[in-house]
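What follows is a short report on a single structure.
Think of it as A, B, C and D in the order they're written, each chain with its own count starting at 1.
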């Protein structure tokens, strides 16, 4: 099982209309080469699930500027004005989700939970259309698990088996998304031999990773 | 001191040795400048670490290490990095002692609106909804009014970030604490009268019996 | 081969290159002995790692490294350790390809009972309920009967571990697959007749048109 | 803030009737000296939340043999026959919980969720008395968050600030329990200076830890 692929091989699995989780936080930890490859490939009508809308020229923001995204699920889109513009024109359907809720929904999707009960968003528009459950006198929203067709994550050091190590604040949504998609592709800044990452320090076990691309 | 400095310095007085603190983007970030050197306050950054340090020198930028605004920062010794689920375990789980955020509107019921103006500006809530629900103490730090219009209202009319979660509001004019009875004016900038503060505030302020003067020097 | 060896060897044939496999305590553990050397199968241990290796030499025991039975084991290169929440993210989230467990009772509806005998033995379910619900393929490996009494029933009467989750049952007498129509006998130990297998089974077996012989050598 | 305490100082916070989470899996990762100290101290009527019942002479099993436990919440008690004995005599109230559910309940307790929806236990006695929720055609049990007064966890390397690093399979329930109790006491096999654990590799951030005891 050789998981190491060329950028082209890996991106060939991404098709129009797919749902894609993209790791990173304001482009930190986002596999930038994957963004460029998707822009070049021109796949469209994508549903993107990510922390934020990136910047117009950095991170997944490029896909939005290039009008490849039909739907965006994110917690913050303030640093990419193009998101607001396309929301206003109706070109982009954008669902805003509290960041901690989004993290839990993706985690739940990856670990077989149907959803979680969170107090976040109670008494706000976030609760619209959702089941509210009172437990021991406190009100919670039932937030459902999220999964995707593809997860594109960025890893700082990846061994040839697919074990991933994230440096500093590049971790963010990457380990969560690695569990929650049918096909997980890691953009590796550095590929090392199996055993070079201390087993204690592996942050995403190899079993979650399908393909590795050196970026 | 200018308006922002007055506010940031006053917010800093609410922090205690050992506190874990999350500072929102913008004005709240300035609070870090007023922490006494001998006080051990740990800053949490919701993108995934505790132990946030100051901005790096221009020649020492590491793009793997950014704050929740995507800007390069540093980490102090003893810092710890984690993923977004753990980050919000810390936040939602009540392990953040104080969160300091800005606001578009607040009201006398402790409600906060700071994430969208319908039809105009929809940046998103980011981590704010979780922070406000999860932190032990929620401090709103903001200018008292916006272009002369009150921001401290009887009732917010913008979409809420959270209902009834605010503990304290600190502006350049005053310090107000949220209580069961309503918003209590506990400190006032000596350059203003109580009447002036009330005039700039739509919410009805309850004047503390022990009204103190804010330090503006 | 003895009974256990026949079962373990047959279970091993269900594993494929690249599979992530969780083996229950006892008989299922023996399956590891029958994996071809050139096949890349990763064993998951629900106490918190993937990359379970064989038992250590007596002079090389590390009590920080145990399996789900608390016994010292080893880890292969490329192993990864994690906490119990991540361990069950792997299990419940469908990232385990095959789980192999023993059983007290199974039935023709795919039900499994293996965690308690009321009033007698209550070891607890441990990770079994999650494994059976979460793994892509659930293989029950056990002796066909217990002290001459059928264990493959029309309906379990012990408290269930999970309802309708079994995919395959492998005993020393036969291999049975769970289908919408019921339990299909697909392979038989050539030392037994179909009638003998059915006689040792309370559940009604559907005999496959393509009934094969089990390898018992 | 000096978090380093003597064994006696740390144990002085544990009183009769308290609920205590004890980290470890079949005694691996359990702070054994804390168990011995509690046996010596003789606190009783404890509610213990842990993966298992330990062994009669190792791990939290000692507390059960010494009849200090009123209630045990665990996933597996087969390796400590004394649990079964005391269940039969009615001395011990033992609630058996699927291991993955227990892990999620503790995690939920530590992170402000009201609970989680799991498919585990549907159609078994585990569902008795619990709310069942159907989402997208699949049935889930609502399992509520768990918290405790005290968490006793074992750390392999702990810095003086309280950042914890766990070696190999000692991790198990320890990082989860560290988030879910009012007072968290770590038994440290080794205490190091702040900064000696790489910030990437910290497994329990110091903010979760109240006291550190060298064991």
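The working rule: contacts are C-beta pairs under 8 Å (C-beta built on N, C-alpha and C of every residue); 3 or more make two chains touch, one makes a residue touch a chain.
Not measured: the values here are computed from a predicted model.
Common partners of chain C and chain D, by the touch rule above, are A. Taking the definition of touch as given, a chain qualifies here only if it contacts chain A and chain C alike; those chains are D.
Two chain pairs are in question, A-B and B-D; the one with more C-beta pairs in contact is A-B.
Once the centre of each chain is set as its mean CA position, chain B and chain C turn out to be 55 Å apart. Put simply, the C-alpha centre of chain A and that of chain D have 32 angstrom between them.
Between the Cα centres of chain A and chain B there is a gap of 29 Å.
Look at where the CA atoms of chain B average out and do the same for chain D: the two points lie 35 Å apart. Contact with two or more other chains is made by residues 49, 75, 81-82, 88, 91-92, 133-134 of chain B. For chain A, the set of residues that touch two or more other chains comprises 104, 107, 112-113, 118-119, 166-168, 199-200. Every pair of chains in contact is given here: A-B, A-C, A-D, B-D, C-D. Residue ranges of chain C in contact with chain D, taken from their complex: 45-49, 62-66, 68-70, 75, 81-85, 87-88, 91-92, 111, 115-116, 121-130, 133-134, 159-164. On the side of chain B, the complex with chain D involves touching residues 17-18, 20, 40, 42, 44, 49-51, 75, 77-82, 86, 88-95, 133-134.
If you check the complex, the residues on chain D that touch chain B are 1, 107, 110-113, 159, 161, 163, 179, 194-195, 199-200, 202, 205-208.
Every residue of chain D that touches chain A in the complex is listed here, in rising order: 104, 108, 112-119, 131, 133, 135-136, 138, 140, 142, 144, 165-168, 199-201. Across the interface of their complex, chain C is touched by residues 25-29, 51-52, 55, 74-79, 84, 87, 94, 96, 98-104, 107, 118-126, 156, 166-176, 203 of chain D.
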